[in-house]
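Order of writing sets the labels: A, B, C and D. Residues in every chain begin at 1.
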Amino acid sequence: MARAEVLYNRALSPYHFLMGLSYTGVRPAPGQFVMLRISSGSDPLLRRPFGVFSLLEDERGQVTGITILYRVVGRGTQIMSEFGEGQAVDLLGPLGNGFPAPKEGERTILVAGGMGLAPLNLMALVYPESKLIFGARDGVEASVIDASKEYGLLPSVVTEDGSEGEKGLVTDLLSSALEGLDPASVVVHSCGPMGMLRAVSALMLEMGVKTYVSLENSMACGLGACLGCAVTCTGNGGEGEYRFVCSDGPVFESTDIDWARIRDGH
Amino acid sequence: MAIKTSVDIGGVTIKNPVMTASGTFGYGEEFAPYTDLRALGAVVVKGLSLKPRPGNPTPRTVETPSGMLNAIGLQNVGVEPFIEEKLPYLRDIGVPAIANIFGESVDEYRAVAERLEGCKGIAAIEINISCPNVKKGGLQFGTDPNSARTVVEAVKAVTSLPVMTKLSPNVTDIRAMALAVEDGGTDSISLINTITGMVVDIDKRRPVLANGVGGLSGPAIRPVAVRMVCEVASVVRVPVIGMGGIMNGDDALQFIIAGATAVQVGTASFIDPDSAAKVVSGIESYMKKYNIEDINELVGSIKLD
Amino acid sequence: MAIKTSVDIGGVTIKNPVMTASGTFGYGEEFAPYTDLRALGAVVVKGLSLKPRPGNPTPRTVETPSGMLNAIGLQNVGVEPFIEEKLPYLRDIGVPAIANIFGESVDEYRAVAERLEGCKGIAAIEINISCPNVKKGGLQFGTDPNSARTVVEAVKAVTSLPVMTKLSPNVTDIRAMALAVEDGGTDSISLINTITGMVVDIDKRRPVLANGVGGLSGPAIRPVAVRMVCEVASVVRVPVIGMGGIMNGDDALQFIIAGATAVQVGTASFIDPDSAAKVVSGIESYMKKYNIEDINELVGSIKLD
Amino acid sequence: MARAEVLYNRALSPYHFLMGLSYTGVRPAPGQFVMLRISSGSDPLLRRPFGVFSLLEDERGQVTGITILYRVVGRGTQIMSEFGEGQAVDLLGPLGNGFPAPKEGERTILVAGGMGLAPLNLMALVYPESKLIFGARDGVEASVIDASKEYGLLPSVVTEDGSEGEKGLVTDLLSSALEGLDPASVVVHSCGPMGMLRAVSALMLEMGVKTYVSLENSMACGLGACLGCAVTCTGNGGEGEYRFVCSDGPVFESTDIDWARIRDGH
């Protein structure tokens, strides 16, 4: 747990913000997340989880801060969007297991949907040779990709309504990206809405491409203690079992997930 | 000033009156990076059943105003793997572990208690009676005084460990429940477990929790918990352990003054994993401020007029 | 789209499903400077007894996390002065008044109801059974199904007004209470009243409230209230009126979807005296968003699987 | 109800603040109060009551704002002390009945203890011929009197520890102030801790001076609806009765209060 301070809190759209937070602990790996306390009182009570979007470093490469990319969806993120510079925020993390590091000779493709961009942006920054595909519903949702472009990343962009980049779905771009590649040489890392992760996983399974997905779930603790963030996994000798997004994930190999038993709603 | 914080919670003395609440602190080890476990009076572990239980589908938790609902479904590794894999950690660092147990029949409660007999590192058993009695058509042990007494008697008969019985607040008369389990021979009484609640997702028009209902915990329930602790402490002779929404030392002191010999910290550990240790130091500061040498002077010191 | 928000709450139709809760909106007039009373489905007035009651000493209220405790002690002017001095205001502006009544014996309930018979401007009687039955040694009418049924029968026997019975949440099985009052002939059931709680002043080592305990209301109790409304609506045939922590239209919709035909807004009016009117417009916005023409389509539309 | 904005929020001591709020409604009378909402969430849930310390006016004398003088005593006032300029605050008021206006030939003495200064400062500003007596426990508590002096008021000051003004109690100053005056020509208005009000009332009763006290009490609504802020009064033909600080008060004639049945704690 650390007392962080808001360095900046920049609006990318009316609903999307990039927040810089002072932070000097362990270097977060791509795919790890932090839990922020929104209020010192009891409403909102629980911390909110956010992926690490990028790291802020001093001239010696020491981590001096992190950024998080977030969308206003409810009370907690609404309050966050009103934080000014200098606001003290209690930060717990980095937590969870990130994306596995690419191996020699591996082609890394990152597939982000909407706010799923957050952890994959850090992945793309740490492993610049990876290819970043980004999809969004519409132009407003797509506005977050500017934050990646500012880091010099060159993502391929699709939107469902064609208002930004090509019109289509990330799976379209992913299929084209894989053309001519040996499926066995490729690893896909994906983060975004459950429906998208399901589609990407199904397609990649069909094509024989190893795929990791970063999941979200309601979290009370982020520490593996409340057992709230259970996700149905295959395993346990085929009987199925629950694993935990916060402590076993948030990144899972897509074939470990029991997709049939997951509702897309959450 | 030397202050004495150790308390006897019914056949076992702990160095201070602060424990973690079952289901909110894992098996202790998960919190080691964030807090000094040795600062705690005891760690109550996640509820244990005879066989491992998978628990409920997700969503399992949802936030509510100053609280949360959970419907974990008592997922746990089972008593055997607990003893083999989880218990050694707490034992080795010297923190008393209290085993929270539950079952769907009196036999199951008894069997879990039997399995724990003679295990080093366990300071006491906490019986969670907020559990559906499958033999009685799902009626909770925790809402029927006779069933509750029977469970306590069954566990007491097979264990040499002190037994703490944890009451459900979902009853008309908590005193009647307390007297029943005291009559059954419990060495202490802990309360409150969660209050049953529901949150509706108005867009999907279904409960947010996959299980429908869940248990409300956190600061929202604190006034109800303090009231029940006060009621129970005024009718039983065994020590009372209070919990429900304790976030800091001052909150814990409300329970102690109302009659609790010790407290448990639950949901607070999710928000600040160091909460329970901070409760210990908060109580100590208060004692120093008011020149109280022995915490026992505070227990039940409430003036009701 | 024309939307229909009127509902039948058991023998009386109100133009929208939003009322104010007893004890939180005075006699209506107090709020006239801050809200349009005519926007409301009905106003439930402060609980009335046969004789004026002075109420409890202060402090009578204390804030709690996302809630408050009150121990007003049912202070009220008495039924007679209510009819003479308070009722005319609501009658003259054309807002249906619902008279919340209580007593310490079945006879007292009956006498208050008798006095209200034939009074113009009263749309219904709400019976508050969360009251100690002095003849039964202080046991609450609201926690014993038989006493509750008896009160309802007695009131029904002397009134031609529709009768709404308001349940206490401080019970093991709210369904049993609901079935008992339905059996007694109530035309509708409202719930929940407050949950008993206590806050301790740790510096003075006594309860903050002069009365010791008080009733918990506000957002903190909402999940408990929604759960109980859902349970009751699933077992009774009469309309259910839900309340407990409703702050806005979305909160009200949780209750309606869970099975409430109408709702009452309580503590929220203290924070924003225009709350109940805002709940009305919040419900209307939701209906427009989802193309719901008649509010009754929403009542009990919850999918429990 | 009005949406006010914080114009300034000035520290007078580590615990005492003067907050300016934009406000354009009915002109508050001395002794009236406002209820402020501290959070848009549910913790803290209830509004907090504060007396009106002074009015801000434009060149035409129209009210454009109010100030409140407050001390940090708990969560609500702690959060308030952190409000910055421009912070939106929901304000309900003015509420309650203020001090009765002085009549021709009447000598008005204002007796303030600690934060009880707030309503009496406005009284002194509106009726400059009145005499203001201020007492505090210590120097920190006495720091608020500077806010009155900035308005050109010339209060007599005592502190219990002598760290500011004379050493003593307000009753000492009050006795001296009354010397040589016809008790029947004097009206005392008082606000402060219950113990002080009790002492002032007893002394003035003895001396035959008409006295008004402004009371505080836990308030949930401020509107006379919750019946929470009851105070025991004489009256009802000697039987005693409850009256309400928010709607019948906060100002009461001291002889209307049943002092014997009030605990000083609150």
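Methods note: contacts are C-beta pairs under 8 Å (C-beta built on N, C-alpha and C of every residue); 3 or more make two chains touch, one makes a residue touch a chain.
Bear in mind the structure is a predicted one, so any value in this text is a computation, not a measurement.
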Neighbouring chains shared between chain A and chain B, ordered by label: C, D
Chain A-chain C separation of Cα centroids, rounded to whole Å: 46
Gap in Å, rounded to a whole number, between the CA centres of chain D and chain A: 54
CA centroid of chain B to CA centroid of chain C, Å: 34
Gap in Å, rounded to a whole number, between the CA centres of chain D and chain C: 36
Multi-chain contact residues (two or more partners), chain A: 41-44
Where chain C touches two or more other chains, by residue: 65-67, 204, 218-220
Category of the chain touch graph - line, ring, star, complete, other: complete
Chain B residues within the chain D interface of the complex: 65-66, 219
Interface residues, chain D side, partner chain B - complex: 41-43
Chain B contact footprint on chain C (complex, rising order): 64-67, 69, 143, 170-173, 195-200, 202, 204-207, 212-213, 216, 218-224, 226-227, 230, 245, 250, 253-254, 257-258, 286, 301-305
Of all residues in chain A, those that touch chain D in their complex: 39, 41-44, 75, 79, 84
Residue ranges of chain B in contact with chain A within the complex: 23-26, 30-31, 34, 46, 54-55, 57-63, 65-68, 70, 72, 75, 204, 210, 218-220, 247, 267, 269-274
